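By written order: A, B, C and D. Residues from 1 in each chain.
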Amino acid sequence: MWRLKDILLNLVGTKCLNCGHVFYPPKAACPKCSSRNVKKVSLGTSGKVITYTVVNVPIEGFESMSPLIIALVDTGGGKVLTQLTNVKPDEVYVGMEVEATVRRSATTLDGYVPYIIKFKPKERYS
Amino acid sequence: MWRLKDILLNLVGTKCLNCGHVFYPPKAACPKCSSRNVKKVSLGTSGKVITYTVVNVPIEGFESMSPLIIALVDTGGGKVLTQLTNVKPDEVYVGMEVEATVRRSATTLDGYVPYIIKFKPKERYS
Amino acid sequence: MSKVYVVGVGMSNVGRFYERSLRDLAAEALFKAIDDSGNLTPEYVVVSNMLSSQAEQENLASLIADYCGLRGSSGFKVEAACGSGGAAVLVGYSLVASGLAKVVAVVGVEKLSERTTPEVARGLAYAADADFELPYGISFSGLNALVMRYYMMKYNVKREEMSAWPVLMHENGYYNPYAHLRMRITVDDVIKSPVIADPIRLLDSCPISDGAAAVILTSEELARKYNDTPVLIAGIGNALDSTDISSRYELDTFLASKLSAERAFKLAKLSPKDVDVAELHDAYSINGVVTLEDVGFAPKGMGAKLVAEGRFRIGDKPVINPSGGLKSRGHPVGATGVYQVCEVVMQLRGDFPGVKVGGEVGLTQNIGGVGSNITTIILRR
Amino acid sequence: MSKVYVVGVGMSNVGRFYERSLRDLAAEALFKAIDDSGNLTPEYVVVSNMLSSQAEQENLASLIADYCGLRGSSGFKVEAACGSGGAAVLVGYSLVASGLAKVVAVVGVEKLSERTTPEVARGLAYAADADFELPYGISFSGLNALVMRYYMMKYNVKREEMSAWPVLMHENGYYNPYAHLRMRITVDDVIKSPVIADPIRLLDSCPISDGAAAVILTSEELARKYNDTPVLIAGIGNALDSTDISSRYELDTFLASKLSAERAFKLAKLSPKDVDVAELHDAYSINGVVTLEDVGFAPKGMGAKLVAEGRFRIGDKPVINPSGGLKSRGHPVGATGVYQVCEVVMQLRGDFPGVKVGGEVGLTQNIGGVGSNITTIILRR
């Protein structure tokens, strides 16, 4: 997991220099045009909820964080699967504006505690 | 593991009723003639060491039992992969006479402690 | 390309069998299939399975073949998450069509009842992206829930309409003696069932099951010689999409469902309107509805609505999931794609012991991941 | 049967790459192989891997294909324990020979350096019988040690004679820029190295490595059109023995080695004396020695003695493991069988960047388990 720290903490995606397509997670070639001429790009730190779910039946290791709010967030740059935090399940809606924040994930099965980007509701007046 | 309790504790193999071949572990058909006409048989409780090893580099979960003496024992009925116990590594030899005894294995990854048949040197005068 | 036929099928019951081992279930299915074929001896044993690593067992082809008296035969395991079964049938097809083998057994098996629900849920998430999705704790239900919410909003589909799918599945599965969950349910039952991953409810979800299924594949020559009711694999196709859901082009369609179906139809020189009976992969109601559209049985956005209007049941063309689908028959993960082929072959032969459809042309579609690995197979009497 | 050619090969270095991911290694190998083929686009991506479940990742075909810009292609994983790579090449062969695909990529990959040694040792034991062998704590080294002691006693083979194998491997691997362990060793080094599982010592054992290798397979038509140096897959065969060691007929021979080699030679219409160069699967010295005999390069009981007498090195026929074998090149478990094919193809083309053999006919043999799943491949210039 430590191998991925920079990518997970900076929301790094890939941009295709051939066709311009931007995608996350990063890949070695473009899914649209197969070009290997791609570069890493930052996806930005805010976006909108495209769709979301509230997971009541957790997978092993996430029991104590349950229920989890998982969302697909469009940052303008690309879509990111993420957790929402600082918000109650019934306050989330499609189209909600959110911004990135660093939080800890569940301990992995081998005892590592990864820090990852989650998203919280955008603060409008601060 | 509890599913296997009877088989592991009674050293049950299979005998082919078509060609007479006996084999362990038990199978649904005979490896020699493919007949499904097979029945469970007890392999007996004593035998001779055909070959053995002393494992110094343990797999996960067996660290505290290391070094393990593992042997292939011919019970007359069939060959059985097993652990030797009540004996030091440098006392084991090919051809050694051994007899079955019930011991505990290492805790499985999900926390179960299985009891299994191990073999110990045959006591000649008791 | 040489023709390949299914000449034997065998299934264990689907359920939770605490007292049975993986090899025991596999042997039941394989022996039944061999007997059904007129006692052909497989040269290859291709095994499909996803999660035997949770029971610390790999090398399944050797394990199962030797347990079943086939020492010295050939084989290996094929894995494509929940789509392993369909992929393995494709491999078996290619072994026969290439001439490498005359008789191939494909054995799908899964045995998970010894693991806890969170363990199995984590295992199923191995079909997702371990680096970029697993750290968020997303479950397989959760990933499909993202699709379901998106689809329902985009096409203005009501909860009542989505619920028609599981009701139909249980109506069909009620008559299937192999099925895991044999009870009828109502739309009201679905809507009141507990929320697993909003908007997915318990009765939108398939059970995770133990089970094994096997098919015997052979060449035209042997098929005619040993069997009165060979069923032709007229078309077969597989397609991949991203493992992650973030980089998908569309959330309301499975690219790999479309592509694999197009490939299978092209090979078979047939089209969706020719299909009499299909087994689709409804791990969740939303998968059934979306692939109904992607295969070409319903216009985009209309899948759930058409089911709610009464389409796709016995008497219609095509009939969808007379087995009860994953929802009622159950989902023995790596075996599911092989169950589907067994069921459709029996429908075309006329000896399926549940809801009977008949007809000339059948289709199966088996999904791995959230639409990331899909195999479509077209069978013809 | 249609002819199938290898027209592209690609390998990553073999070693322990803490900073690299599984998909990253796979992409390096796949891109190199595609470039080497003259830029053919694979329709199928067949992945071989044994233990990605230890990193909680399955569904590798989708993961790797999409990471490499091949969304919409077809594929799945093939697993046969440490023999996964050879089995995957066999599947790729059948996809091309059947006409299902014109261009197939087979990508072997393994990435274990993030796990501890006991974890990996337990994982490798998933190739054994989880019900009847794992409860005894037997390691993979231990199982092979049972074979080694039996063999040495039966044929009166001395420790010094057994040690000639790893010495030759390191002599060859020293010149292989891809190899994991590039150092020369002596018989004395072997005899004084620590005991892992008596009588197996550290220098009898291969390292467990990270690495990825890929081959591009295609039909005769495309091979001639796009490539100046296509290498024919003249023969291929796989065989299974029991997963457990208890029920074996013989301990000093691998039935599956013999059977798979016979099948491959028969298809190629060749015999062991025609082979110029071979890559055998020496996870331990004893495996190299036993399969040297079972393939037909040495009489039973004479394998170790002949190596100690100086046979099988450069200038002899056949030359065995000019790559350095698993002992020196390393053993990236599910990728090893694909590495072997890359290496022999390069030998026949004349562009292997280490010890060069040349010749017309090459052979690879890849073993899963303790001889329980073996694939033999015969390549011809």
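In the analysis below, a residue touches a chain if its C-beta (ideal position, glycine included) is under 8 Å from a C-beta of that chain, and two chains touch if they have at least 3 such contacts.
The model shown is predicted, which means the values in this text are computed figures rather than measured ones.
Q: With chain centres defined as mean CA positions, report which chain is farthest from chain C.
A: B
Q: Once you find the CA centre of chain A and the CA centre of chain C, what distance in Å lies between them?
A: Each chain's C-alpha centroid was found; their separation is 31 Å.
Q: Taking each chain's centre as the mean position of its Cα atoms, how many Å separate chain A from chain B?
A: For chain A versus chain B, the centre distance works out to 51 Å.
Q: Spell out, as numbers or ranges, the residues of chain D touching 2 or more other chains.
A: Where chain D meets two or more other chains at a single residue, that happens at 21, 56, 66, 70-71, 122, 125, 129, 131, 242, 244, 247.
Q: Where in chain B do residues touch at least two different other chains?
A: 4, 27, 31
Q: Make each chain a node and each touching pair an edge, then name the shape: line, ring, star, complete, other.
A: It is other, because the touches fit no line, ring, star or complete pattern.
Q: Which two-chain combinations qualify as touching?
A: Chains touch in the following pairs: A-C, A-D, B-C, B-D, C-D.
Q: Looking at the complex, which residues from chain B come into contact with chain C?
A: Per the touch definition, chain B meets chain C at residues 3-4, 27-36, 109-110.
Q: Note which residues of chain C are touching chain A in the complex, please.
A: Touching chain A: residues 116-119, 121-122, 125, 129, 131-133, 135-139, 141-142, 145-147, 149-150, 153, 194-200, 242, 244-248, 251 of chain C.
Q: Report the residues of chain B in contact with chain D in the complex, numbered from low to high.
A: So the residues of chain B touching chain D come out as 1, 4, 8, 23-25, 27, 31, 50-63, 65, 68, 70-72, 78-83, 89, 94, 105-106, 108, 114, 116.
Q: Residues of chain D touching chain C in their complex?
A: 1-2, 21, 44-45, 50-51, 53-63, 65-66, 70-81, 83-84, 87-88, 90-91, 93-100, 122, 125-131, 134, 236-244, 247, 255-256, 259-260, 263, 368-369, 372-373
Q: Taking the complex as given, what residues does chain C use to touch chain B?
A: Against chain B, chain C makes touches at 18-21, 23-24, 27, 31, 41, 56, 66-71, 114-115.
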